[in-house]
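Next up is a structure, given as structure tokens.
A, B, C and D label the chains in the order they appear, each numbered from 1.
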Amino acid sequence: MLVQGNRRLTSDIWVLDLVGEFPYDKVTPGQFVHVLIGDGTAHPLRRPISIASCDPVGKTLSLVYRVVGDGTKWMRERRPGETIDVLGPLGHGFPAPQRPGPVLIVGGGVGVPPLYQLAKVLHAQNVELDIVLGFKDHGDVFWADEFGKLGHVTICTEDGSVGRPGFVTEALGDDRDWATLYSCGPRSMLKALKTHFQGTDIQGYVSLEERMACGIGACWGCTCENADQSEARRICKDGPVFSWEEIQL
Amino acid sequence: MSVDLRVNLGSLSLKNPVMPASGCFGFGREYSEYYSLSALGAVVVKATTLHPRLGNPTPRVSEVTSGMLNAIGLANPGLENVLSEELPWLARQDVPIIVNVAGDTMDDYCQVVDRICQSGLAHAIELNVSCPNVQLGGLAFGVEAAVLRNLVEAVRTVCTLPLFVKLSPNVTRIQDLAIAAASGGADGLSLINTLIGMKIDLNTRRPVLANRTGGLSGRAIKPVAVRMVHDVAKEVRLPIIGMGGIYTGHDAAEFVMAGAWAVEVGTANFTDPYACPRIIEELRSFMEAEGIKNIEEIRGSAL
Amino acid sequence: MSVDLRVNLGSLSLKNPVMPASGCFGFGREYSEYYSLSALGAVVVKATTLHPRLGNPTPRVSEVTSGMLNAIGLANPGLENVLSEELPWLARQDVPIIVNVAGDTMDDYCQVVDRICQSGLAHAIELNVSCPNVQLGGLAFGVEAAVLRNLVEAVRTVCTLPLFVKLSPNVTRIQDLAIAAASGGADGLSLINTLIGMKIDLNTRRPVLANRTGGLSGRAIKPVAVRMVHDVAKEVRLPIIGMGGIYTGHDAAEFVMAGAWAVEVGTANFTDPYACPRIIEELRSFMEAEGIKNIEEIRGSAL
Amino acid sequence: MLVQGNRRLTSDIWVLDLVGEFPYDKVTPGQFVHVLIGDGTAHPLRRPISIASCDPVGKTLSLVYRVVGDGTKWMRERRPGETIDVLGPLGHGFPAPQRPGPVLIVGGGVGVPPLYQLAKVLHAQNVELDIVLGFKDHGDVFWADEFGKLGHVTICTEDGSVGRPGFVTEALGDDRDWATLYSCGPRSMLKALKTHFQGTDIQGYVSLEERMACGIGACWGCTCENADQSEARRICKDGPVFSWEEIQL
């Protein structure tokens, strides 16, 4: 796809806007694309990056990524007019809410981007959204305003430099009667959420990360275990989104 | 000019010499969403073991320069499921099936091979005696000539299909293992499996892979693989399936010139999901451009 | 924070753990036009043999993806010239000298080592028992434990300098060779030498190298090298000099975490003539950024 | 150095003009530079390319190259404004004529470029130049006019499609009394020249090619043998130019 823009959002988080043909109609929020780095010679493995936003009409796709290593450094250097090879959409995204009722969305760090596309879709369906986003600090925050247009947003930072201090779970103090929880972020956050809601009948969905090779379910590189540890689930193909009963967190 | 891509690996006839490598293509379902599997010379499926296996803890794949490490640990749904779910589906895709078989004991291997052969669903067996990831598994079989010969002899007694033995590169003289497999009754040889490697995470200061070591594959190993195919082809007359870092039709031709009869493509599938059909077309174009009418014409030219 | 890069490899003290690898730096003259050799931990010179050698026919180097093949074949001006011309020059450059020694027979090795030690011009010996290029040469010594042990024992009797044995990676279990070298009396181990590889020219349909096979080095072999350093460090307590695809300070740190005490840099010199001093500075920066005060702090952290 | 231009000369021969700091004062004609391909990761070995022309005043350096493989393909893709890493000048170039008298310059294919800088220098010294350039065919010819300004030029093509038909040696029919011969091209051409001038007292210099790694004399990858085959000579460091008595052709 053609690079339309590549902008810095925070000190190490960037947003890459792509334009061109893509199976937009197949995208569900929470799915990802697999990005080829360079010509794939030195870097044979593609990088999984969630679809942060996509617009079938304007034919654009946005990826929000934190620069951590070779692949994301290469992404950062892309300039408008260049093309990049993205494979997707891959995996299974967030299912539609199974029950009516308000929805809680919780994101942490670069777990936030896929939740934006989700919030857009749910908002368009008039679902009531509470959105809690956790960041390291003030400088780490991005897209708070964008989310603000879609629901009620609470920002938390670990150091309290903006929003509520502490972890996202601490922001959930007065439990509302959410029907569904959608969440993406560090494993520790997902676990804390599950513990937090233990005993309630909220339906929780989590998006997992793992190192991937094929990204399409063929290599069994990215598995996690199902709830009773009897079988493997491929995060790239069966996930990355799972209901939290389905898998071992 | 019209080019003939067909090859016969002994009694196994393929319409072209390019097939996906075991473990890099599941049982074919996923890539069938990208192209028709009938384009392929054959499909080599994931290592199948007697019982289902979850494999090693994650992370179990990691990128390195021009290659990757994997320590999947033979994760697979097990023989019963492969026979009831995977092979029947694949058998409908109009492509020869080679089943890669792994085990912890000689008896495991024999049971799996026996059942696969009896099912009538496969066209050949590839014996994985070289998987470096499973402590209980392949390693011992693949690195000592006498042990390997015993295993191949035992499997031979139950194997009614063409039997390919897939050699480990982590040995001093791969020719010796090839000879052992041949004298044990192999119909052909596949090589190479992965080289054992390690990558360390500078943040944690520990190995990246939970299993510590993993198998190195991809372009990085191609020169070693070409050399080993060459060394084996010089000493053993059996059909050879060459692999290790094949990404292009030129790479495939290089293996053929080194003595391979056919090739498998592993890691390249991950970089480019269309790698296999692309390589087939590139090989065809190369042969056309060079006026090579069939594969045999260049096979072993570098020997 | 101030970082201490010094390391002691037994009785050999280096101001930093980074040195150019044998065969990739001549006897130092050429790179001394780019920077002062005194910046280096030591200089490991080209393999020196009893008599001058022209080496193999050309072509004897070839690029492969993220690596190269070489079949230099131990070309060197021979012991007399090395003692009269090369070492005296290098001895004036204020840097420890490690002489890499190769030979066809045990007696060759002993004569060369003896004369080097007596010259007083060197600080350590690195025994090259793994050069895959010379048919008569190193191969046999480096791949069988008993043979290697005999050689090291013989050399030990004449070697008055710290004795490093440089291991070949083309073996089934490198640990066994490391143990053999240790029990033969080695003071330390260097690893890895090159993996044997081949590249075929699609135009001629023959191997690119006149020698057919060559030694694979560079980034492509790094995961194998790190794994082997790790495997050896787990079993042998001797100082280890690690190498194989080191291009950056991070790469050097990875080898140290795998168990290396110091590192050598080979192919990277060809890509970047300033590789060695750059790697020293990158290693220093990495340690500063991570608050690592000295090399020992991270040595073997991944074991 | 900065890419200033990159132009096609023939179907597969290009000229790359570089500008910037370079030790111009050290350059002798026949020396080469060692070009880093990409960032050197996938292609760790630099490519040796002769200095076809260099201008210390304008601070420019030109490389003429035939596109044959990965490295030269990469060079072909370079655009003005990009920088490329060239190491040099390397090796020993053509020595000044040792005896007075007319000079013969013979080049074949991509052996022609280094002879251009040589011809420029000799022309500036008022040396009389006969220049014979051999090419495959009409479409392969380049810089004939440029050479024409520096001496008397004879073009030969293998197929006779332009200039004299046949090999360069055939164009030397009526031997003039040349004092010095400078030559660069395929080994077969260099050998034919040596045979041709056997028994004359012309002083011949030839520039050799070999696959290289370090390019500076440290790896002993690129050797040839001296005349009595007793010692090795490094083409990158002791050459690429040798007097034809010095080495085994």
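By our rule, a residue touches a chain if its C-beta (ideal position, glycine included) is under 8 Å from a C-beta of that chain, and two chains touch if they have at least 3 such contacts.
It should be emphasised that the depicted structure is a prediction, and the values quoted were computed from it without experimental measurement.
Student: Quick one: how many steps at least from chain A to chain D, stepping chain to touching chain?
Tutor: 1
Student: Going by average Cα coordinates, which chain is farthest removed from chain B?
Tutor: Most remote chain from chain B, centroid-wise, comes out as D.
Student: Can you work out the whole-Å distance between the CA centroids of chain A and chain C?
Tutor: So the centroids are 47 Å from each other.
Student: Could you work out how far the Cα centre of chain A sits from that of chain B, in whole Å?
Tutor: It comes to 36 Å between the two C-alpha centres.
Student: If you average the CA atoms of chain B and of chain C, how many Å lie between those two points?
Tutor: Chain B and chain C have C-alpha centres separated by 34 Å.
Student: For chain A, jot down the residues that touch at least 2 other chains.
Tutor: Residue numbers touching two or more other chains: 41-42.
Student: Among the residues of chain C, pick out those that touch two or more other chains and give their numbers.
Tutor: As it turns out, chain C has residues touching two or more other chains at 65-67, 219.
Student: Enumerate the contact residues on chain A facing chain D in the complex.
Tutor: 41-42
Student: Which residues, counting only chain B, touch chain C once they are in their complex?
Tutor: Those residues of chain B that touch chain C are 64-67, 69, 143, 170-172, 195-200, 202, 205-207, 212-213, 216, 219-224, 226-227, 230, 245, 250, 253-254, 257-258, 286, 298, 301-302.
Student: Touching residues of chain B toward chain A in the complex: what are they?
Tutor: It comes out as residues 23-26, 29-31, 33, 46, 52, 54-55, 58-63, 65-68, 70, 72, 75-76, 218-219, 267-273.
Student: Chain C touches which residues of chain D in the complex?
Tutor: 36, 40-46, 87, 210-225, 229, 231-232, 237
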